[in-house]
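The structure under discussion appears below in the form of structure tokens.
Naming follows writing order (A, B and C), and every chain is counted from residue 1.
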Amino acid sequence: MATTAVSVQDLVKNFGDLRVLDKVSFDVEESSLTTIVGFSGCGKSTLLNVLAGIEPITSGKAEVVSSKNRSARLGYVFQSPRLLPWLTIEQNLVFVRPEGVDETTHLERAKKYLEMVGLKNARNKYPYQLSGGMQQRAGIARALCIEPAVLLMDEPFSHLDEITAGAMREEMLRIWQETHRTILFVTHDMQEAVELGDRLIMLDYHGRIFVDIKIDLPRPRSLTDRVFINFYSDVVKHLQKMQSIRAEELAALGVN
Amino acid sequence: MSVMTDVSPTSLPITTTRRFARSIKRLIFHKGWLAVLMVLVIWQIISFFLGGHGLVPSPARTFATIWEVLVTGEFFVQLGDSLVRLLIGFSLAMAMGMIVGVLMGSRWFWNEFFKDIVILGLSLPGLVYALLSVVIFGTKLLAPVMAILFASYPFIAVNMREGVKALDKDILDMSRAYKVGKWKVVKQVILPALLPHILAAIRTGFTIAWKASVLTEVFGATSGIGYMIRFNFQMFAVRGILAWSLLFGCVMLIIEYGILIPAERYFARWRPHLSEEVI
Amino acid sequence: MTTTAINPSQIPSSTRMSKITQSIKGLVLSPRWLFLFVFIFIWNTYAVYRHSRLIPTPLKVGTTMVQILTSGIFFEQLAASMTRILIGFSLAMVVGIIIGILMGSRKSYDQFFKALVIMGLALPGLIYALICVMFFGISILAPVTAILAGSYPFVVVNVAEGVKSLDKDLIDMSRSYKIGRGKIVRQVILPSLLPFILAAIRNGFAVAWKICTLVEVFGAVSGVGYMIKSSFDQYAVFGIVAWALLFGGVMLVIEYGLLVPAERYLARWRPKVKQVV
């Protein structure tokens, strides 16, 4: 039976006068991979920040649901690695040891996930000694090693070159299939969103959910696959519709 | 539903006069005045309680002395004497500092050759230069000039060295590839690149120069700001010392913040970051 | 995957050996000895030529320095000066760190203290020295207060810059992982402030000992400054130079023996950047 891992109800978030998230509601199923897309600057990152507790909610609810066999921990992978530069990679993972987990267990998990992301030999290096892609992988290992209920990822591959990003996406899918974590993946890259997600949520310019669709295609998905191309073009049509609605709104304002 | 429209806070054009007016306004309403006020109040209170022995003059009487010194013109006479020494000494320091600095920046040999004496020069306190100059050169003009020369040339040298080292070889090669004339290269490539460093050199060098100058005057001069300070010290006239020090401090602040730092910021504005303090 | 920089502990010991011999070779074959030789030679020639008390020979200065060291008087006076410097500078650090943190965190504090700090930076140590000598005479309060007043601005400036450059991203990251406040302060904030605190120590300490020497010149009966003053009163240039060089030597030892290695240790996680001096 599918359980809910994340529950968002009527979430509203304002920054001063600016409303970034407007009555957003959705529930995320356990072990699913949900992608959230929108143009740059809309509330995608704010949504994650609110779930992580970094930003306060204006109204509504957004929470990670805990159940008996896991606590409501979440692992956040940011756009930039955000590693503490004065700690080695392994020490960086030790730094986020959650309360209630003892040191030895956590260290073992850290080693395990570092190996899983292919950084076994980089354990004792400092961040500056690693490339951008490796640092980002370390960030992913860090998020995983606390064995979170939910993994939040905020455009984690947008700062990498296309080849590295492609490799990382494959890696991430492999890890997801191995660990069955619930993932919330934010991106501005439509193709990436359709390629990765079980479900795609599109936010519009007002911070509302414009589209919320299931993606039932088998993986691996690629542009050489006819079915994928059709699905992708449908999604792009939604995006274009959103953009034209926006253009009308702006025109109406211009007249006023 | 809210919409972000693009309205700027001031839709008036930013003219120079308006910018000037804004910075004056910022100066007047600056919270720093609060701190100064607080200090004055504390000072007044302390002088009230301890003022009996003449040890802590009240702010009011100190400012009266300052006013007196200014109005009688005596300040400007002494300041003039000090400034003459300062300018002569500092010009020599600039000359020597630039030569040493450029040499050090261009060739490894000269860098190794001079580096010990420059480091030593940077670390010795101005006091030592002042005392030695007074003993060796007496109480004439030579003493402060020599002290300034040796105290501040290392700061000039270090900044010039950095400037020369930072010269972009790629751009120089490019100029050679395009067969650009030598003088043109010096004028349009080398000098603009060196200018921020020259200004940083002037700023750091000047600071140490006037401090060394005043110290020299304190120990062996018959005129000048430093002399007046020693005079007041020997007469145990706290008011006098405070008055002369504050006045001189203000003059130096005006020079540093009114001339040197804005000049440096202006000439270095094409850089992503301001030049580093080499102290 | 290739690494972008070399971890020193990964260099095989054979190359490490040759690196050490290389740096020793660089030290020995350096033109700096040429300078030393030329300098001493010119100095000596001039001194012998002038044959005046006012221009001592290098030999005279050298033997005086040895005398001062071996007679134990150097350590005596150095201890007196060092005590004053350490007390005064510790106080300056406390005050400076507090004000620096305040100034770095809120714009309003920054504006409030800015004028005082700028004036403090600009006023020469001479002023602090003279005023404190007049107030406190030859008690230890004179150098301590002068050092406190004269060097706290340097601490403030560096600490404020450190607080201003705290990486908010790292703090947000820590909060998203529900790291406790104390742990954030200890493991995120403090390490990023450390280089700035070190810079504060270097700048502030340099000013502190210069002020202390001035105070001793004008109003003390012990300490390095006092010894320099007595040489000055006797027109004994060799004495002034000897004491100045010895004291300068101690400061250089502290700088290169303590502070620079400390900085290098603290900065071992940083990508290698060129040093200025």
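One rule holds in what follows: a residue touches a chain if its C-beta (ideal position, glycine included) is under 8 Å from a C-beta of that chain, and two chains touch if they have at least 3 such contacts.
From a predicted model like this one, the values you see are computed outputs, not experimental measurements.
Chain centres were defined as the mean of their Cα atoms; on that basis the chain farthest from chain B turns out to be A.
Top-ranked chain pair, ordered by C-beta pairs in contact, is B-C. Compare each chain's C-alpha centroid with the centroid of every protein C-alpha atom shown, and the nearest one belongs to C.
Between the Cα centres of chain B and chain C there is a gap of 21 Å. Work out the mean CA point of chain A and of chain C, and you get 49 Å between them. Distance between chain A and chain B, defined via averaged C-alpha coordinates, is recorded as 53 Å. Residue ranges of chain B in contact with chain C, taken from their complex: 30-36, 39, 55-56, 109-110, 112-117, 119-120, 122-128, 131-132, 134-136, 158, 162, 210-211, 214-215, 218-219, 229, 233, 236, 238, 241-242, 245, 249, 252-253, 256-257, 276, 278-279.
In the complex of the two chains, the chain A residues touching chain C come out as 49, 52-54, 73-76, 78, 80, 82, 84-87, 95-96, 98-99, 118, 122, 125-131, 134, 146, 152. In the complex of the two chains, the chain C residues touching chain B come out as 30-32, 34-36, 39, 54-55, 108, 111-116, 118-119, 122-127, 130-131, 134-135, 203, 206, 209-210, 213-214, 217-218, 225, 228, 232, 235, 237, 240-241, 244, 248, 251-252, 255, 276-277. Considering their complex, residues 1-5, 7, 169-170, 172-180, 187-188, 191-192, 268-271 of chain C touch chain A.
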